[in-house]
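Read the structure below first, then the notes.
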Amino acid sequence: MTETNLLLPMRESKPRESGITVLIDNGAPFESLKATVDNAGEYIDFIKFGWGTSLLSKKLPEKINYLIRNEIDYFFGGTLFEKFLSQRKVEAFYDRCRNFNCNYVEISNGTLAIPNHQKAEYIREFSRDFSVFSEVGTKDSSEALKEDSKEWLTNIHEDIEAGAAKVITEARESGSGGICGEDGSIRGDIFDEIVAAGIPMERLIFEAPNKSLQTFFIKQIGPNVNLANVALSDVISLETLRLGLRSDTFHLY
Amino acid sequence: MTETNLLLPMRESKPRESGITVLIDNGAPFESLKATVDNAGEYIDFIKFGWGTSLLSKKLPEKINYLIRNEIDYFFGGTLFEKFLSQRKVEAFYDRCRNFNCNYVEISNGTLAIPNHQKAEYIREFSRDFSVFSEVGTKDSSEALKEDSKEWLTNIHEDIEAGAAKVITEARESGSGGICGEDGSIRGDIFDEIVAAGIPMERLIFEAPNKSLQTFFIKQIGPNVNLANVALSDVISLETLRLGLRSDTFHLY
Amino acid sequence: MTETNLLLPMRESKPRESGITVLIDNGAPFESLKATVDNAGEYIDFIKFGWGTSLLSKKLPEKINYLIRNEIDYFFGGTLFEKFLSQRKVEAFYDRCRNFNCNYVEISNGTLAIPNHQKAEYIREFSRDFSVFSEVGTKDSSEALKEDSKEWLTNIHEDIEAGAAKVITEARESGSGGICGEDGSIRGDIFDEIVAAGIPMERLIFEAPNKSLQTFFIKQIGPNVNLANVALSDVISLETLRLGLRSDTFHLY
């Protein structure tokens, strides 16, 4: 990575199952995505085209071609799946993913109130042609608070059994909803239960859209935790957190 | 816009009177503005060159030429008008707007404590050569809290009678001041009174610099509400909110 | 700067000792740094390559060459010095600074708990080959609160006596730690003591990563206060604050 004689934590090189970074593209110009890849491609495993933004992005094909050439994978945000589902057009979503040569899809119920077993059915279906990232956790913060740790764990297990390659835990940009409490910090009961359950960490991806969440997961799980919803502009910054090169994680290694 | 078979809310195409998006350029490099326009020009109605930033922007002529070529209009932020006014140089501001071929000007008293009727005089004057966007609401948050809904309504009516093409309601980037209370949420008394007064919604533009304000106005007024002070990087994200393609407005349509 | 007939505060032109702006590059793509320099180079005195980000930046040589060509100086963030120090490799850091033709280095103890007199030793050493910016203040917010104003003043004087060209006061991006209290505002006791001590203002640089801190220092010390850790995207915005061209400092001049 860099010719320094500092001792730094080991990171696997791509493609990898642990230490994955998923950046979120919220409708950025092609030039911004390209510059990010040119600058830090080796630290980027996936680009997620956030919620429905990919529908409005004129240069989506250019973006996807550039990612493929740089060995970065990509998928459409789960909210887009839910939008198609809400209009009973899941097949059109399926076709869309195939047309854009997606290897991965995200299947979620963070917004649409469908029971987890129904989500699991879709995981099963999409698994035939795609690697599926499923998502657990509700976006609406007051709804999210009603979900307890048992429910989280049941859903995670159900998703994995249905064929999910990895399960993503929800956390919103604002830091509330999903696995976060109202004050933006992690709900310890859920997190502890997930860790205690012994699910292999390479099967989980934690959404960590801000520095405080990124720091939390790196401190708890280590430099090779899988993290998602990282801003394009934060990719190098996150890598320094993983490597103990920033104050917040300096003393870890 | 996009070849999907999803049912989405209707949006007029440009030029339009409703559903306008005004982005704010806070002194961005030319390349950033250009990339934003290339990526999402069809969703951008105006660029506002925020407060006095246009005085310091070396590439202002290039920016303006690029906007004209892409059929996006532009104007200088009201604070710049107020700065010239505070030094008794309104004519120089007038000339500046003409020199840059502005079709639009913003006339405000958000910082300078001049009475609304004096602002209305300037609206009248500038209306001879320009379309005027007037602004109502004080930037300073403690001063803003002293303004009641009657005063807001009186000022809006006075501005329209003086010739304002549209009236902009103030809200600061931080989410306080103007139409916002101290906690960043909308002051319901003012908003309700404005809606109840029956002013046509195409005559109003609501400043909505963050997602929570954007969501509020879209939920209250609909996908075709006029919104301003949207960050360059948020243009696609805002459009997904208008179209119900993001969790926050998913259930609206 | 600009052909307007507005009366604006005087600003020295570069190179200058007062009114310095230090931008922080947190691992931005080369293109972003270049666009920022092209847009606003005359307002940028230094680029600081934040904490350990420079180790991961593939295009660091291109960045540095571009800065040199545009007469902008640069240095590595103090946390990188501390990382080398924590592994007893200060000489390697010294060599690194020389290899990249640095004129400036930052020597700090914001993360690593070494006593100030030890930091002063390093200031003395590095001063032989570099201009040294030392930093005072602890990053960790609870540790920072234990430091009183006497300690701050003692440390500042010790750093200057050891040869520091300028002393930087710590304030984190989040607005806590260093000179800030838990709520993000400046700790008045420390700030007042620093001002009362009569240290020449050109010997101090205040970290001011957000608008509220920038406004505070400009209001207290004037348009030509030295400020650091300003985001690349805020350079024009900060200059408008210095010049009274934004609402927050409008009434100063």
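Letters A, B and C mark the chains in the order given here, with residues in each chain numbered from 1 onward.
Operating definition for what follows: a residue touches a chain if its C-beta (ideal position, glycine included) is under 8 Å from a C-beta of that chain, and two chains touch if they have at least 3 such contacts.
Since this is a predicted model, take the numbers as computed values, not measurements.
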Copy pair subunit A, subunit B: interface residue numbering same or different (half cut): different
Subunit B on subunit C, rotation in degrees - Cα superposition, rounded to nearest 5: 120
Mean-CA-position distance for subunit B and subunit A (Å): 34
Interface hub residues of subunit B, defined as touching at least two other chains: 31
Complex interface listing, subunit C residues touching subunit A: 26-32, 50-53, 55-59, 79-80, 82-84, 86-87, 89, 92, 96, 110-112, 139-140
Subunit A to subunit C touching residues, read off their complex: 1-2, 4-7, 31, 35-36, 38-40, 43, 233, 235-237, 239-240, 243-247, 250-251
